[in-house]
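In the two complexes that follow, chain A is the common piece, with chain B as its partner first and chain C second.
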Partner chain A sequence: MKIKILVIVLITAAVMCLSLVLGPRTINPFAMDKTSREILFSIRAPRSIVALLMGVALGASGAVLQGMLRNPLADPYILGISSGASLSAALGIIGGASVFGSFTVPVFAFGGAVATGGLVGVMGWERGGLWPERLLLAGVGLSFLFSALLMLILSISTDEGLRRATLWIFGDLSMSEWSRVPYGLFFVMAGIALSVWRATALNALMLGDEFAHSLGFAPQRERLILFISVGLMTAASVSLGGMIGFIGLLVPHIMRFFIGSDGRLLIPASALAGGALLCMADLISRSVIAPTELPAGIVTAIIGAPYFLYLLRRKNVLGI
Partner chain B sequence: MSGSSSRRFVFTLAVSLFTFCFLVLSTVCAAETPRRIISLAPNMTELLFALGLGDRVVGVTTFCDYPEEAKKRPKIGGMSNPSLEAVVSLKPDMVVMTTDGNQKEFEERLRSLGIKTYVFRAKQIREFPQGIRDLGIAMGVRERADRLAGEIEAALNSFKDTLRVARHASREEKVLFIVWPEPLIVAGRGSIAGDAMTILGVENIAADSRGAYPKFSIEEILRKAPDIIFIGKGHKEMEKVSQGLLARLKTVPAVKNRKVFFVGDYLYRLTPRTVKGIEELEGYIEK
Partner chain C sequence: MSSESDLPILGLGRVFFSYSKDGAFIDDLSFSVGGGEFIGLLGPNGSGKSTILKLGAGILRPSSGNITLWGKNIREYRNRDRAKLISYLPQLLDISVPFSVRELVNMGLYPYDILPAMSADEALDMVGLRDRAYCRLSDLSGGERRRTFIAMTLLQGAGLLLLDEPLANLDIKYQIELIRLLGKLREERNISIVMALHDINIALQFEKVMLIKEGRLLGIGHPKKILTSDMLREAFDVEVEVSRSDSGNTYVSYENNF
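This part shows the complex of A and B:
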C-alpha cells in the first residue's frame, strides 16, 4: 500500500516538473534567457500550482461527497456551487464592480460559491441534521435555477464583454498568477485537513447512519463537517479557474480500483491523482495547438474517460 | 389570308415579344428599391443607413446601435436568435442578413414564407467595396453604393501609399490586438482587426493561430515581444478589466514603452466606419 502511495506522489511530482519545462515551447532550465526565466517563474509556475490545487480540491471533494452521500454519481458540482459561482461573478461584472481589480471575478465567484453551499445546506437540513437525498436534490434544484438565471442574463444582455467574461466558468487556467495561490492554498488545505481528520467517520457513514452511530460517530455532526470541507474546496477551485469536468466524478472511482475505499487513503490519493491529471491536461491544452489554447476540461475528459471505461470493463466496480 | 394581314400579325407578334422581353429584363436588371427592409445584423443596419435607405429600415436587431436613429427602430431580436414572428409581422419586402452571425436556416425559413432575402457575403476588408456595390444593385441604389465603395477603396489605397513610404523607414512593427483580457482573446488572421494590420503593413503576432478570434497563450506574447498592443473597447471599463493582464506583461516592449492603446470598436464590424478604425491604428503606429 505504501508503495502505491509513493508511486502516486512521484507521478504527481514528475508531472509538476514536466509542466514547468514543457509548453508551447520547451524551456531548458539550465540555460534560460531573461524571457524564458520570466515565462517559467511568473507564468508557468503559478499556473501549474493553481492547476494542482484545483485538481487536488476536486479529487478530494469528489471522494468525500461520493462517500458522504452514498452516491457514486456525486461530483463537486452537483451541489450547485459552480452555478452559484458563475451567476454571482456575472452579476458582479454587470454591476460594474471593479472594486477588487483583477480579483473581481474570483472574489465574486468565491462569495457566490460559499453562499450557494450555505443555501444547499439550509435546504438539506431537517430534524437537526443534513440528509443525503435532500442535499442532492437541493443542489440539483438550485443548480438548475442559477444556470437558468445566468442564461437569462446572457440572452437579454447586449454587452459583448459580459459574454466573454463568463467564458472562464467553463474552465480557464490562463489567468492563474501568484496572487491567487495563497488563498487557494489556504482553503484547499483547510478542506483536505478537515476531511482527512474525519476520514474514519466517512468510512463509517458509507456503511449507513445506524452503523456509524453504533461505531460511536454522530452521523449528522460528521456529515456537517464533511459538507463544510467539500464546500470550501469546491468554492476555492471554482474561483481559481472555473469548472473542470471529470476529475471530481471519476478520479475517486479510479483510485478506488487501486487502493480501495478506505477514506484515510482514498482522500489523499484522489487529491494527488486529481492534481496530477489536471496539471497534465493543462500542459496538453496549452501546448497541443499553441499559441491557441484549448479548455483544460476537454482534455481531462478525453484522457480520463476512456481510461475509466477501460478499468470499468477490466475490474469489478465495487466499493460504493 | 392576304399578305398584308399576315405581315401585320408578324409585326404585332414581334412588338409584343419585344415588350415582354423588355419588361422581364427591366425587372431583373434594375431591381426596385424595397420599401420595407429588415436588417438582421448591426453592420448591415449601418450600411443601409449609409446608403440613404435608413427611412426604409423597419426592423433591426437588439445589437444595432449605430447610427443613433437605428436604435429607435422596432427590434426583431438578436443576431443569432431573431424572432420569426416579429420579422413577419413587420411585413418586410426585403430582409438583409450576413453569413457571419445569422443562421442559414433562418434565411431558408423566410424564403419559404415568400419573403425576399439578401445575404451579404463580404467578410474581409478588401471584399467590402464589391460587397457594397452588389448590395447597392440589389437595393436599387446603385449610384450611391458606387460612390461609397469608391470612397472606401480610395481610403484603403491611401493606406497602401503611406505604407510604401513607411517601408523605407523602419522594420515591421510587431502588433497584438486584444479583444478581451481574461480569458485572453485576440484578433487573429481573418478577423477585421487582423486584416487592418495586414493593410497597415505591420506584423500581427497572433496571425499563425487558429480561428479569427483565438484564445491566446500569454507565454507567446512574452516570447514574441510585441512593440504595440491595442485593446479594443468592447466594454465600458476596459481599462480596469485589463489591468491584471498588463501587469503580467510588464516586461513586454509595448507595455514598457507605454505603447498600449485603447481603441474604439470600429474594427469589430465590417462597416464604412472600419476605415476610421484603420486610421486610428495607423495614427498610433506612426507615433
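This part shows the complex of A and C:
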C-alpha cells in the first residue's frame, strides 16, 4: 500500500516536472537563457501550480462527496457550487467589474461558490443536520436555476465578454499568476486537512448513519465538517480557473481500483492523481495546437474517460 | 467467569418515546440487561423492537425516562467512550461500498487511539473468516457478512451487542451458525447480547426473551413463561399452539390459522 502511494507521488512529481519544461518552447533546465527563465518562473511555474491545486481540490472533494452522500455519481459540481460560482463570475466579467483588480473574477467566483454552498447547506438542513438526499436534490435544483440564469446572461451579452466568460466556464488556466497561488494553497490545504482528519468518520458514514454512530461518531457533525471541507476546496478550485469536468467524478473511482475505499488513503491519492491529471491535461492543451490553447477540461475528459471505461470493463470494482 | 453481575449493563427506566406528537410509540418501558445475558426481543412488526435497540444504543433520545449504561446515564458518555461499550448493528447494512472484510473489521478500532487488544486476524479467526480477509464485502454470503460485522464488534471491544434482526435473510444453516457464534462470544468473553428476531422456534432456545406489543413490555423472562399460547395470541393476534416434542423440545405451530 505504501508503495502504491509512493508511485502516485512520484508520478505527480514527474508530471509537474514535465509540465515545467515542455510546451511550445522546450526548456533545458541545465542551460537556461533569460527568456527561458522568464517563461519557466513567470508563466509555467504558477500555471502548473494552479493546475495542480485545482486538480488536488477536485480529486479530494470528489472522494469525500461520493462517500458522504453515499452516491457514486456525486462530484464537486453536483452541489451547484460551481454553477453559483460561474454565474457570479460571469456577472463580474460581463458587467466589466474591476473592483478587486486582477482578482475580480476569482473573488466573484469564490463569493458565488461560498454563497451557493451556504444556500445548499441551508436547504439540505432539517431536524438538526444535513441529509444526503436533501443536499443532492437542493444542489441539483440550484444548479439548474443558476445554469439557466448563466445562459440568459451569456445570450444577451456582447462578444468580448461572452468569449471571456465562456473560456472561463470551460476551465481557463491561461490567466494563472503567482498572486493566485497563496489563497488557493490556503483553502485547498485547509480542505484537505479537514477531510483527512475526518477520514475515518467518512468511512463509517459510508456504511450508514446508525453504523457511524455505533462506532462513536456524531453523524450530523461529521457530515457538516466534511461538507465545509468540500465547499472550501470546490470554491477555491472554481475561482482559480473555472470549471474542469471529469476529475471530481472519475478520479476517485479510478483510485478505488488501486488502493481501495479507505478514506485515509483514498482522499490523498485522489487529490494527487487529480492534480497530476490536470497538470498533464494542461500541458497537452497548451502544446498540441500551440499557440492556440484547448480548454483543459476538454482534455481531462478525453484522456480520462476512455481509461476509466477500460478499467470498468476489466475489473468489476465499483461494487455495482 | 461470572455470568451474573449486580450492576446492570444496560438499564431502561420508565422510558417513553415518540416519533410524532400523537401518542407514545414506546410506552413506559423498563427493563435491564445483566452481564453475559443473551436476550431475544420479540414482537409484531412495528411494535417498537428497532426503536428499543436504538434507544439503548443512544441513537434516539427518550422523551422521558432514563437510560443507564454501566450505572451511568448514557448521555454522560462521550460518543467515543460509549462506542467502546456498546455496538449496535442495524438490520440493513449497506455493503455496496467496496470495502474488504479486513478493512471493515479494522473499523472496530476507530474509537481507540491505543494499539488493539486483539488483531483483525484473531477476530476473523473467532468468526471463522480468516481465509476471506481480503474478499470484498459484496462477494460474501449473507451469513459471512453478518459474521464480518460481528468480528468488527469484537475489535471494538464492546461488552454489549444490540443486534437488529441479524437472522433476517439468512437460511437455517447460517441462522444456527450465527447463534452458535454469539453463544460462544457470550461464554468466552461475557458479552451481553440483545437481539431482535421473528422466529419463535429459535427464540424458544434462548434463556431469556422479551415480548413487546405497541411499545409496551408484555413480559420478560424464560421463554417457557413468556412464549405461551396466551401471551403469543395477545402479542400477534394469531392462534399459536405451543407443544412439546417427544424429545422434550418445545416448539410452536400455527397452521390452524390457515
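Quick note on the criterion: the second predicted complex is superposed on the first by the 306 of 320 C-alpha atoms of A that agree within 3 Å, B and C clash if a C-alpha of one lies under 4 Å from a C-alpha of the other, contacts with A are read in each partner's own complex, and residues count from 1 in each chain.
We adopt the following convention: contacts are C-beta pairs under 8 Å (C-beta built on N, C-alpha and C of every residue); 3 or more make two chains touch, one makes a residue touch a chain.
Only a predicted model underlies this, so the values are computations on that prediction, with no experimental measurement involved.
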### Task
See if chain A has more residues touched by chain B or by chain C, and give me that chain.
B
### Query
Is A:122 contacted by the first partner chain B, the second partner chain C, both or neither?
neither
### Message
Quick one: is A:148 in contact with chain B, with chain C, with both, or with neither? Answer first, second, both or neither.
### Response
neither
### Query
Looking at the overlay, what does A:44 touch: chain B (first), chain C (second), both, or neither?
first
#### Entry: Doubly contacted chain A residues - partners chain C and chain B
none
### Residue ranges of chain A touching chain C (in the complex, touch as defined)
67, 70, 200, 203-204, 206-208, 210-211, 213-218, 256, 260-262, 317-320
#### Entry: chain A - residues contacting chain B, complex
23-25, 34-35, 38-39, 42-44, 96, 98, 101-102, 105, 155, 158-162, 164-165, 167-168, 172, 174-175, 177, 286, 289-294
#### Entry: Of all residues in chain B, those that touch chain A in their complex
62-63, 65, 78, 81, 179-180, 182-185, 206, 208-211, 214-220, 222-223, 225, 234-238, 240-241, 243-245, 247-248, 251, 268
## Note on the structure
Listed in rising order, the residues of chain C that touch chain A in the complex are 54, 57-59, 79-84, 86-90, 92-100, 103-104, 107-108, 110-111, 136, 138, 156
